[in-house]
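Once you scroll down, you'll see the structures, which are given as structure tokens.
One chain, subunit A, links the two complexes that follow: it is found with subunit B in the first and with subunit C in the second.
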Partner chain A sequence: MRPSSLRAVLAAFGLLLAMPASLAQQPIKVGIVTFLSGPAAGPFGIPARNAAELTAELLNAGTVPAPYTQKGFGGTPIELVIFDEAGGPQTQVAEYRNLVPRVDIVIGYISSGDCLAIAPVAEEQNKLTILFDCGTPRIFEDASYKYVFRTGPTGTMDNVSVALYLVKRTPNVKSIAGINQNYAWGQDSWADFENAMQTLKPGIEVKTSQMPKLFAGQFSAEITTLLGSGAEVIHSSMWGGDLEGLVVQGAPRGLFEKHKVVLSAGEPAINRLGTRIPDGTILGARGPFGPFAPDTDLARWLKTAYQGRYHIPPNYASFKMTQAILGVKAAYEKAKSSGNEAPDQDKIIAALENLTFEGPGGPVKMALGKGHQATMDAAVGTTKVENGQLKIVDIERYSADKVNPPDGVKSEAWIKSGLKK
Partner chain B sequence: MKAAAVAIASLVALTALALLSPQWLVFMAMLMLAKGVVVLGLLVLMRTGLVSFGQGLYFGIGAYAAALLSHGLHVADAAVMLLAGAAAAALIAALLGLLLAGYRDIFFAMLSLAFSMILYGLLVKSAALGSTDGFNLHARTFFGVALAPGVERRVFLIAGAVFAVVVALLVHRLFRGHWGRLATGVRDNELRVSYLGASPYRAVYVNYLIAGAMAGLGGALAALAVGHVDPETTYWTTSGEFVFIAILGGTQSILAPFVAATIFEALRTVASQYAPNLWQMSLGLAMLAIIMFLPAGLWTLAERRRRSA
Partner chain C sequence: MSSILPVAFDGIAYASWLFLISAGLTLIYGVMRILNVAHGSLYALGAYAACSLAGVWLGGGLPAAGSFAMLLLAAILVGCLVGPLIERGLLQWMYGKDEVVLVLITYAVFLIMEDVIKLVWGVDSLLLPEPYALPGYFLLGGLPYPVYNVLLIAMALATGLALAWALYRTRKGKLLLAVIHDREMSMAMGINVSRVYLATFAVGATLAALGGAFTAPTIAVTPGIGVEVIVLAFAVVVIGGLGSLGGAALGALLVGLVRAATVRYWPEAELFSIYAVMAMVLIARPKGLFAAQEARKI
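For the complex of A and B:
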């Protein structure tokens, strides 16, 4: 190598070395990773980022209702470092490794693929990492972690709760069909729903399972098949543009009149679709979030503050982000109460394990995955347009232990073996 | 013997890096090596005048081959994983090459893209492999020697460096030798090459095979670094990234892909750190600037300095 090119290479490495110079330790630095670009940004990523910024600001101002009235985390202000989650797990692992030296805590990840890839790296890096939204139960069912927590419930209860709701409302249901996006989320959601229905109504007939490509946007052929299937119930876990496409293309063709349609993760779409969602659609919000949130000071605070700033109600992604930040705050302050000094990471981890804290969606219990995975009550409702406004009526609530497996039991096996406590 | 000196210098530099630098830099260096090897393979193919928009196919095959060894067969040896990644990719390239070597230009590019997207589709549909979520892999030994946690990535980086340097030297020899010259002949005038009694089909086939095997090696190396595989490795954006790096570096030098991969990784990191909302656009603008001002890649800067010196 010529000296000049060697120098160029060394300069490049030097540049890399100089980059993550750790900054002063004054505020507590929280890395926030959420989709800022791509299809998941609109329905989840941006609402979550907005909630993070709002929550951090109001926590620092000390205007969050009890039990979070103390400023920042235990009196120390918090500062957010926001990153884009786009680019796939490989990119995210690279960015996570760069983020770790610069922050004290990482909160993030919407995609289950990213969560699965990040969890072992967090463990290797010994960095407290809170997964706030991703759904796959595999994270704590296939491995156990010390440094990784998830403050949002898993995807298991979404589909178990809609199945319970369906069986209660229409006890004589005899056939189901599905339309789900062909990727891990859609496949898992459908499998959970199908298995739960088989458990609750043994011998129920599955007419068809349509699996269009992710972000296909056009579902004419699938809607035709569903309309001809004769199924009483149609299940879909779609989100984002695909969900809007299904509603906009399916409603005029009578899909929602002819069948009972279940949208297990439909809540984020109501702010955009509004009254275009036909009456009688069964809707889930992946937990007691958004319109399903219990009427508490904390829920009212988030709804008012968020609506006031962003002129749109907070959806479940916003709720879950705020919940994650409040969960860390609860653990931090619990760890701090034993002494006056700032607690170290191990103390925060010990405090967060098996913790029960109050989120904007109600109580959160870190009950699964050896105290690292949250469970919450589930809520399901039905849409109804009243006076030109979309309302959620007939809301049913299910206690957390009824829609989540006991600790140490895998979700799939639990659903198949009868949903026993 | 200049090549050997450069090889030894790179190896020493990378070994020092592996032993001394912080973990995150070790990881970056591994990704840079992995991508560099894939792009060097792309350069071999470009010698014949062909651009593949589907190197993600072999990158993905390499990654999944390594991961499946750990996941399905409980083989946790990094060296076996790397070799298996390259071998699996070479095997598929040997089959698909029979078809693809008959095509040129846009037809070759589109067909290679199509094959990578077929694998992507298959992986997304296979729930047993975790669909889009993918799955984790763990390597705990190297040539049978057990590694202590914490040092394993440093050892993998040294191993990756050895593999990359050996491959780079082989490519260097290839370019200098009979095959390399034949490849440029095919690019410039295929008809004339056949009149001279050589087979353009065979030249393209062999280069395709080499590029495939190298992409497989790169994929396995990346999988070891990341510790997780998912179908994104075979997606067209991954393939596009390799072409991006190739254009960024230029095709004149064996070192260019590695330097370009480093710059690319650094650029992306800096962009997502300082412009989290605009990092894709920053990369796009960098690409545009390269095409407009340095159409032969960043390596022209080094060449210019050399000539003026």
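For the complex of A and C:
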């Protein structure tokens, strides 16, 4: 055989080998970034990854309830590429640049620091990026983006709703204190709570605001100060090991008996601490997630499927991840409905802007940040141990427009101006 | 006056914890000239092992008081198994290298052990609150305090005294001091330096694991606890003077009291209090409070 014909045979062989791949449907690649290591992996990162894997698999199988019965995204299967969020914003920006050419859409980011760093890079890379969990309202209040969306509500809503709950349940409250982790999340949460309380109960006394280092884990001196402060209410937005440490060290010393304790992001600790969380603790879940989820087909589906596979209920991080994927699906299918072709990125973006879609926590409205930031109803409840099991009772729901600022108004200014519409 | 007692007690309790985690670090540096970053993971390993062992003990319905013995056993197991493994398996081939290289090597060990911990115990937090609540509470200035913290203070005191006694009052301790002072001369006098190094590393590792094991009941044991501890322990050891046991004790006390007072009177500054102490000490004494005199070799 002459060399040229050998080449031709090889070329034909190569083409034949490549055929099945080109004939088969190319999946939509979704990059998932969540903490797989470090202190945030246990409470948020892994529950979110589990939810992503479960949701992608069941979407591809077409077993998710209405309105998400179509397989994958508009009939095209989805494939996940999972990255670890650990390492801090600088590492994440580098990782994000590596991820961009490999995927069609990025869904991720739990840490507010990572979100603030990634948003401008996403814009520069022209890559549709969905922030699913981080809380800082600053992302869409200080800048506006075309390619960046957030399908979970901001942290402002958590603290405004617990303040409303507290004032309704204990109208004569006169003093508050706080213990929050000393970084953006803890400081912003405390500022929002303090400002909301000042608005709702002008002249309320702030006894002390403890700001221990993130991941300090030991709070003996802080608990002493809180116990001695005489404050009626103690607010904490702590999460993970710090929150569990606060409960383990504080509960036996009477911190939860002597004071009304508000854990604005306490829900993920339920699965770990269970009945160790004392009765009467006010708890939030960063939205209507987990035990606060409304009784819908979607919520029941997620709870049953997740529990069945991972033998633990899905927490708010799981809910928010599933919500982000379903949000993209809703936008993709809306964009596709105008034609049979796969929609391009710009069409998906146009469809997601100002979209209202159904999540496992109820309706999600992309109402803020020029249609890029979600708002949802809020829910707050109180813990109660019944028959050896921790239950959430006295759940109050707040409509999204009551606990979120109008579009274009910054959260802090809105709270200080009296939570007015 | 009513606030001074609680501040002093919280400060001393925190100082005891700091001393437990930094004593082993300063001992290893004093003898081996190794700034052991893996100290943090030995601490974490001690905490995880304590959770597992005490968990099995309590899960078996055995008397809760026995969980304290399990904490101790966990520390000894980690110290005497993992310590020698690191020293014999890796460090013994690296002696004589630059101190900076040794820091990098122990940092590598630290990273590997963080992942090993994740592989074995996963990323979810472990809780072991029973031993913390078991000894009950007492009132000080009208506020309830856990007796467990008193036990920690007693343990730190006992550890410090035992170490001082072993170093200065026993033959083996004096051999160790000779190695600290001049390694070459000690070898020439027939001291088995290699064995001294092994023993030192095992003791240092046990101290780290002891700190971890007895901290486990007060916290949620999560990935990353080792990082937090190693930074604090470094600060304490630098304040006291690298390699000085007395320095570590005084450094821990200073940091503990300043931190407790800051939490009480100026909580916003808590984050910086430890480093403020460190900066002030280093301005006055650049080598720390009790830095060993360097023998000049001519």
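The rule we apply is simple: the second predicted complex is superposed on the first by the 396 of 421 C-alpha atoms of A that agree within 3 Å, B and C clash if a C-alpha of one lies under 4 Å from a C-alpha of the other, contacts with A are read in each partner's own complex, and residues count from 1 in each chain.
The rule is simple: contacts are C-beta pairs under 8 Å (C-beta built on N, C-alpha and C of every residue); 3 or more make two chains touch, one makes a residue touch a chain.
Keep in mind the model is a prediction, meaning the values are calculated, not measured.
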Using the touch definition from the top, say if A:Leu116 reaches subunit B (first), subunit C (second), both or neither. first
According to the stated criteria, A:Asn182 is in contact with first (subunit B), second (subunit C), both, or neither; which is it? both
Contact-wise, after the overlay, does A:Thr91 reach subunit B, subunit C, both or neither (first, second, both, neither)? first
Where does A:Pro101 make contact in the superposed view: on subunit B (first), on subunit C (second), on both, or on neither? first
Under the stated touch criterion, which partner chain does A:Ser37 make contact with: subunit B (first), subunit C (second), both, or neither? both
Under the stated touch criterion, which partner chain does A:Gly62 make contact with: subunit B (first), subunit C (second), both, or neither? neither
Identify the overlap between the subunit B-contacting and the subunit C-contacting residues of subunit A. 36-37, 182
Taking the complex as given, what residues does subunit A use to touch subunit C? 36-39, 41-43, 45-46, 182, 208-213, 215-218, 220-222, 224-225, 227-228, 240-245, 248-249, 252-254, 272-273, 276
Complex interface listing, subunit A residues touching subunit B: 1-2, 4-6, 8-9, 12-13, 15-17, 19-20, 36-37, 82-84, 86, 88-91, 93-95, 97-98, 100-101, 112-113, 116-117, 120-121, 124-125, 136, 138, 143, 182-185, 187, 191, 214
How about subunit B: which of its residues touch subunit A in the complex? 5-6, 9-10, 13, 17, 21-25, 27-28, 31, 124-125, 127, 130-136, 138, 149, 222, 226-228, 230, 232-233, 235, 237-238, 255, 259, 262-263, 265-266, 268-270, 272-273, 276-277, 279-280, 302, 305-306, 309
Which stretch or stretches of subunit C touch subunit A in the complex? 3, 6-7, 10-11, 13-14, 17, 114-115, 118, 122-125, 127, 129, 132-133, 137, 141-146, 149, 215, 218-225, 227-228, 259-260, 263-264, 267-268, 270-271
